[in-house]
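Below is one structure, written out as structure tokens; the observations come after it.
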Amino acid sequence: MADYSPAEMMIVASARALAGKRVVFVGVGLPNIACNLARRTVAPDLELVYEAGVFGARPARLPLSIGDPTLVSGSTLVCSMADLFLYYLQGGRIEVAFVGAAQIDRFGNINTTVIGSYTQPKARLPGSGGACEIAIHAKELFVIVRLSRRAFVERIDFCTSAGHLTGKPGERTALGMPGLGPQLVVTDKAIFTFDKETGEMILSSVHPGVTVEEVQAEVGWPLRVAPHLEVTQPPSAEELRLIREELDPTGVYGRE
Amino acid sequence: MADYSPAEMMIVASARALAGKRVVFVGVGLPNIACNLARRTVAPDLELVYEAGVFGARPARLPLSIGDPTLVSGSTLVCSMADLFLYYLQGGRIEVAFVGAAQIDRFGNINTTVIGSYTQPKARLPGSGGACEIAIHAKELFVIVRLSRRAFVERIDFCTSAGHLTGKPGERTALGMPGLGPQLVVTDKAIFTFDKETGEMILSSVHPGVTVEEVQAEVGWPLRVAPHLEVTQPPSAEELRLIREELDPTGVYGRE
Amino acid sequence: MKLMTLREAIATYVHDGDTIAIEGFTAFICFAAGHEIIRQRRRDLTLCRMTPDLIYDQMIAAGCARKLVFSYLGNPGVGSLHCVRRAVEKGVPRPLELEEYSHFGMVARYVAGAARLPFFPLRSYLGTDQPKVNPCIRFLQSPYGDDLVAVVPPLNPDVTIIHAQRADLQGNTQIWGLLGVQKEAAFAAKRVIVVVEEIVDEAVIRSDPNRTILPGMMVDAVVHQPYGAHPSYVQGYYDRDNQFYLAWDRLSRDPALTQAWLEEWVYGVKGWEEYLTKLEAQEPGIWQRLAPGEAFSRPVNYGVYG
Amino acid sequence: MKLMTLREAIATYVHDGDTIAIEGFTAFICFAAGHEIIRQRRRDLTLCRMTPDLIYDQMIAAGCARKLVFSYLGNPGVGSLHCVRRAVEKGVPRPLELEEYSHFGMVARYVAGAARLPFFPLRSYLGTDQPKVNPCIRFLQSPYGDDLVAVVPPLNPDVTIIHAQRADLQGNTQIWGLLGVQKEAAFAAKRVIVVVEEIVDEAVIRSDPNRTILPGMMVDAVVHQPYGAHPSYVQGYYDRDNQFYLAWDRLSRDPALTQAWLEEWVYGVKGWEEYLTKLEAQEPGIWQRLAPGEAFSRPVNYGVYG
């Protein structure tokens, strides 16, 4: 078995979760590489929609930002932000979306706004960007975040993007949210899914060599563990080759 | 003095009313020729915005409809209907607009929907098109309509587009209408303006050879006549030359 | 496989009772699709379109529709739509329910439908009789002050059909010229049929992604049907056949002539290819008469980055 | 005459206390205008932008702003905006008021502003803390049912500044590549400044009217300033200078280094031409490094009719 980095494990686990999907809303960084890996493995028909309003991108290099000009040249469609948010996202055309998180709670609610109080923040974070509405409208939400006690907290300091709210069944539907909310959290140590009823996060797979105790130690609430906890299949040689030789040859994202 | 048709008089009178204007919203037919005549005479900087979403058109022939392809080729901008109505018209960018009327009342309210009752119409007319919102948003509204007792009625059968409503001062403003409403009615026999306070239609100019009595005979209410009633200046030789040789050489609109 | 014949596309995606929109503002009007719907004898359709034009006049004369949702009834630049008037004024060949908006109202309904909004606000209709005859037009106070705005509900056709210059096999569609409300009507629809003058290699689409108005992912059927918009026009491909618009004004005044025309030109042909053959037999040189000259866009450089 | 220098345009149209928007989603960011505003020492500005990026970081470090209206704070692909954070977290060089939306919320505010709507409805914010810290975000029930939608108020900048590939002397402006929210921000504004890489003959514009995003009638000033978006990029003209984005991440962490940089590169030069001269002196061949290859759009035929 090849050696691989935690970032490579995250990319591979994210890519596999896209099996059979058709339309993914994607930012740069790990999700971008994961989506491109999925296209070459488990989801050949996957259409990548970049947050800057680009469809069917054929980037000639690894994009430096979500608005990299290499995403535009040779793509099939470029639209305005108004079209993107009104017709594509709110219009219900996005099947899966990836977002990051500074803090995430037991029900998948996400903070990317502030650490500390809003008016006197300890740290001022980027804010919502499109995440708030992505979390409402994408049919499924996948979160990519490193596992740490700072991120996996009992109570987030600010709710930027709605997950499964307080865990009451049907709460999202009652608020008229068309998307199913967070379905998957991929980290460098483990993978989490959510209880279909209550929306509580469930440890469903640990990466090779990681114990449940190690995961629990980084999570700020008593973790529910799936009855059939799996061990994540490590990256295959082919998956690693694609990442290292084709998708991220300079190792910007994969080698951490 | 050259001979001229009533239609030519209407075109010339409409063109002169555009003196100094910058942005006019225009349909085909008489308004189109009037606006193009104005560009060559009293309003060289006039920008023509066609209802199909075309700016700065340079038609190589007389357009057959508001959506004629000759309006598109060589124009400066073509936009969607959504942009046209949201950003140009409702956005307040239109200074003057021309509309027609099947019926018009004393306060410039306009019917282009039905003659008779709505559910059992004697005649089903085209409906609003953009007229309803044009009448609300264009800073000034100019109406072009042949003078007749069928058109100039005490009570219109249906109010498609708001003029000065019931004539109560400030009524349009109270309803939040940004445009001033009808400012001018150009006919084949006379020109009407409106009382600044009450919005009542005023006969302000009769075309050469037309009497006040002839006009009153075609109007379904006791007509107010301007204290200084004018006689419309007939078309000049140059105005007629422009219409006949350049703007409507085949006489589609001008010779009726 | 998205590429199909018009017959297959209509048979597959347009059903009796459907709400359909064939959009295109005086240009790009897909007569070929309208005729195919008549030929397949669809019934009880709700027809939506800002400007019903001759195509809906024909479909209504053929008895396809029970309802018309619109904002302007006219034969553009010519006069009335006589078949629509006959249905409204006399119930011939069957009564036609009308649901009527202004242009902006129709645009707003498509936008709301495309954006999954429960309503769209617009400053219109105040002071007019239109809300009195259309209970779907309502008013709402702004949560930021006294402003009263009109609102209209979303319009979500079962099928939207648009005609365009070109698409690739995936359905990525490009249009230039009058954009009308096609994009919004397509996004609002459950199913989308795109009929094009040319099927192009995706490299053509990819050379100018800003020109693409619909991504392939939302197109259910791509139909290759040159001259499919006759007698309306396609920018850069052919002109409006105004002779037909004038002829229709005359013949459509007479119900018998109208039915005879439908018999000959719609029911009497197998499909659009036969219609075109008949058309060329009637007027050899028609496409030369309607052919525009060349006026090409200057290319722009998107750049190669990488 | 609309054509003016950037110095004239900023002096004429941007005043102390104004609400301004320099828009462009990661592309077309008009750094040249931002620097000129710093150089002319405008104060108490309310800066609006979906993604404040380095240009607002620099303007905030220079003390131009009292308030920031935004939806995402970041150095794209790199990390934090340290000057913005310093102003928010420590009040250095002066406190900065924040008014914060999501991306969709900002887009909706510009659309409402451009369309003179008193509010714009969107399905967002429910279940989050965002409405608690921004009283401008409210909720409204649909007049057609129980749906609760969020609403945001219009945003009408005093001045919107956008950067584009080309315009003619009348201000007819064309952009290709990422369209962001520039059109809406311009329509929402009282005054509009367009800065372009090239002034072209109007025949170029007229060869492709669908490419035009702003008509000249709404543009107050046209400024010809090649490379005016450096270190951001202009599709087909130059690439993002990522080295600068990385360098700014380092130097902007230190208030003294930041001020020194502003002294040298903004206050210390007369205008953008001198900035470019300095840049080329520092790195000969910079424009070759950032030059993209050629990838031209295929021309389309608009046709000659008449």
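Labels for the chains are A, B, C and D, by order of writing; each one numbers its residues from 1.
Rule of thumb we're sticking to: a contact is a pair of C-beta atoms (placed from the backbone, for glycine too) under 8 Å apart; a residue touches a chain by one contact, two chains touch by 3 or more.
No experiment lies behind these values; they were computed from the predicted model shown.
A separation of 40 Å divides the Cα centre of chain B from that of chain D. The geometric centre of chain A is 57 Å away from that of chain B, both derived from CA atoms.
Computed centre separation for the pair chain B/chain C is 28 angstrom, with centres defined by C-alpha atoms.
The distance from the centre of chain C to the centre of chain D, each centre being the mean of the chain's C-alpha atoms, comes to 37 Å. Of all residues in chain B, those that touch two or more other chains are 54, 68-69, 72-74, 78, 86, 90, 178. Contacts with at least two other chains are made by residues 111, 116-117, 122-123, 147, 176-177, 179, 183-184, 207, 210, 235, 239, 292, 295, 302-305 of chain C.
An unclassified topology is adopted by the chain contact network, corresponding to no line, ring, star or complete arrangement.
In this structure, the chains touch in the following pairs: A-C, A-D, B-C, B-D, C-D. Interface of chain A with chain D (complex): residues 28-29, 51-54, 63-69, 72-74, 78-82, 85-86, 89-90, 113, 118-119, 121-133, 136-137, 158-162, 165, 171-172, 175-178.
Those residues of chain B that touch chain D in the shared complex are 22-23, 47, 54-56, 58-61, 68-70, 72-78, 83, 86-87, 90-93, 178. Interface residues of chain D facing chain A in the complex, by the touch rule stated above, are 25-27, 50-51, 70-74, 76-77, 80, 84-85, 88-89, 100-105, 107-108, 111, 122-130, 133, 147-148, 176-181, 183-184, 233, 235, 239-240, 242, 292, 295. For chain C in complex with chain A, the residues that touch the partner chain are 111, 114-117, 168, 170, 172, 183-184, 187, 202, 205-207, 209-210, 212, 214-218, 302-306. Contacts from chain D toward chain C in the complex involve residues 116-123, 138-140, 142-145, 147, 149, 151, 153, 165, 174, 176-177, 179, 204, 207-208, 210-211, 235-237, 239, 292-305.
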